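I've put the structures underneath this note.
Across the two complexes that follow, chain A remains constant while its partner is chain B and subsequently chain C.
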Partner chain A sequence: MSLLQRAFPALLVAAMGCFVVAPYLIYQAPYESTMGLVQKIFYFHAPSGMMMFLGAFISGLAGARYLMKGTPASDRVAAAAAELVVVFGLIVLVTGPLWARKAWGVWWQWDARLTSSLLLWTMFMACMLVRKYGGPGAEKLSAAVALFGMANVPFVYVSVNVWRTLHPKTSVVPSLAPGMRGPFWFCALTFLLLFLVLLSVRLRLGEQQEELETLYLDLDDAPVGA
Partner chain B sequence: MFARTAWLIFRKDVTVEVRSRETLATTLFFALSAVLVFAFALVKEGRVVADAAAGILWIAIAFSGTLALGRTFERERYTDTLRALMLAPADRPAIYVGKLAGVLALILVAEVMLVPLVALLFDAALLARPVLLVGLLLTGTLGFAAVGTLFAAMLVRARSRDVLLPVLLYPITIPVIIAGVRGTAALAQPVPDESMAFFWLMLLAFFDTVFVTLALWTFEPLMTD
Partner chain C sequence: MTRILLAVVMALGVAGPRVVEARQAQAVSAQPAPAAPADGQGEFVPVSELPPTEQLPAAPLVLGAYAFIWAAVLVYVFLLRRRLAAVQKDLDQLKRQTRS
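Here is the complex of A and B:
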């Protein structure tokens, strides 16, 4: 992960630049015919959702690696990615209902994608809770929860999907018009850069915390008066 | 050797339970209380909301299952015997399988009481297709207990284990709850939808395969200090 840290300044500048350009591109993008202005929230909503799933994937894999090899570095990656799932999940869960209220007339719909996102978010929230309050060996349990959470994504999606289709409701999920495609992928890139910046910052924080702890332990072990 | 270790642990848990009846008695009564609470929430003017029986059955199973999981490991912690189990020269996965079998047996006994009770109280034709229902109950309970046993064993050392267990367990076992509820509801309809129930049964079997494998694989590193 040192590569990520060496690239940090470049990533930070790129992410900042993208966030400056993104609003202009979103402004330029054509209006969606039925939803109008409110549809523009989609350019930040969907990429956040994509980053949430990316975070879950990284956290699950890092958790599996930590359980198998026990390297502290994979534990730090699992922890950092789990926090990012919660952060990006929060963006998704706040922007989603804002959009839904205007587009569907309700704040929440028990739609497959919404429900899966909410469940993924709760799983990684549980992962963080256990890390904080889990007592001795909490990192391992937290890694296992991340791994189980990742493995659970397809089950959640299939079960929620079939559960929902038993009670069909119309939903106005827009198909992407050509003029919207460019800005959308640009926003996805912007959020990917933000994800990497945050991951890198969080990893460095974890490393420093660990270093500080080692220093404290060394100090405790040092002979008195030395 | 593996099967023998698992069997011995299972037999130990059953013997302790048969002698004290502590967990079984409390779990059964808890399940009954949960069903009553749902009855007051879901029965309106003497009539039951559609599909409520399936939901009540599975929520009662999930709630009382969580209680049984907590109690099973609380006993090991209280007498400090979990350490002895871990020190035993036995395969860790075999210990897991033994514990899982004990928890599974306990929840299945509770289900034997719960199913007729819910069918009776809510006038639901739960027993119209007994084979499929038993299949759903077995696979669903196995999935729930497989994840639960792993987390409960790991949480033994945590201070806030009572609240953390459901916090971890429920989001991950949501597919089990959905499959159990929808599958059971499909069977309890006036015209049972067997293909739907079979689909949920297959989903549960797949879930069990994935999560039992993962649990067997992670139990050893999780329980090693």
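Here is the complex of A and C:
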């Protein structure tokens, strides 16, 4: 049993506890001067983005390891992390426009950060579709797509600093006011715990699917009449 | 005459760019200084109070965002649980088959 699976009960309890406390901390956090209440979406939006990036890195690195060594465990990690990129990416792409509607007056802008985030999300959607419908060898194709997706993460991150965008720059988080800093990092921890819990469950599913495939193969290989 | 003409052309060649540069400098100094980047793009600035009229329109968006996050996570957990149950069922069936 892996370390993640052994720690699963503690992670689950910690994540649930943090999710109970987080709304209170967000409620207590001060309002932002220009955006007011709607800025409070930030406390879940930004950590979701961080988890999307983390998932992309894990999937890309596991995919690279699978391409080099061919270990089934790496493939399972790559698949699990890719799914989480899609989930957390969806959260980012929905909560962002809800915030933007109030802050910018529009639901969406084709600026560098938003466009590159959407592209990153579609890359990992493609990763999952390739795995599901790609036929023999789909695992390697999927790993390659995940690796390509991972390579895009630094560009998505620096896009707000390099190009002129509506999206706040990366300097926002390091320069948060003290009253906002605590709730933000608490929410980031909360989402990290959630990410680890979901990754653990998804890995368990991958292990069971592999066990099932092995049993099917054993049945196929068994002599007739045995 | 030729020398005079040559001197005039050379003088124009030297003075011309200087005149153009002076005019460009004038135009630049006449333009207003570029605006400083808005604070909202560089940092979040908190305030202690906001007028109530500015809070109300944002509430549905904030609630919608948090509701969506909860819904997305719960739906994913439900789907994972369903997939796990299906695989576990197939596994149990196959194990029974291999034993028999």
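The criterion applied here is as follows: the second predicted complex is superposed on the first by the 197 of 226 C-alpha atoms of A that agree within 3 Å, B and C clash if a C-alpha of one lies under 4 Å from a C-alpha of the other, contacts with A are read in each partner's own complex, and residues count from 1 in each chain.
Going forward, a residue touches a chain if its C-beta (ideal position, glycine included) is under 8 Å from a C-beta of that chain, and two chains touch if they have at least 3 such contacts.
Model, not experiment: these values are computed from the prediction.
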item: Which superposed partner A:V106 touches (first chain B, second chain C, both, neither); value: neither
item: Winner by number of chain A residues touched, once chain B and chain C are compared; value: C
item: Partner chain(s) touched by A:Y133 [first = chain B, second = chain C, both, neither]; value: first
item: Which superposed partner A:R204 touches (first chain B, second chain C, both, neither); value: second
item: Partner chain in contact with A:V94 - chain B first, chain C second, else both or neither; value: second
item: Chain B versus chain C as contact partner of A:L67, first or second or both or neither; value: first
item: Partner chain(s) touched by A:L217 [first = chain B, second = chain C, both, neither]; value: neither
item: Chain B partner contacts - residues on chain A that touch it in the complex; value: 67-68, 70, 119, 122-123, 126, 129-130, 133-138, 140-141, 144-145, 147-149, 151-152, 155-156, 158-160, 162-163, 166
item: Chain B residues within the chain A interface of the complex; value: 147, 150-151, 154-155, 157-161, 164, 167-168, 171-172, 174-175, 178-179, 182, 199, 203, 206-207, 210-211, 214, 218, 221-222, 225
item: Chain A residues touching chain C - in the complex, by the definition given at the top; value: 23, 30-42, 44-45, 48, 87, 90-91, 94-95, 98-99, 101-102, 168-169, 171-172, 175-177, 179-180, 194, 198, 201-202, 204-205, 208-209, 211-212, 215-216, 218-219, 222
item: Chain C - residues contacting chain A, complex; value: 39-50, 54-55, 57-59, 61-62, 64-66, 68-69, 72-73, 76-77, 80, 83-84, 87-88, 90-91, 94-95, 97-98
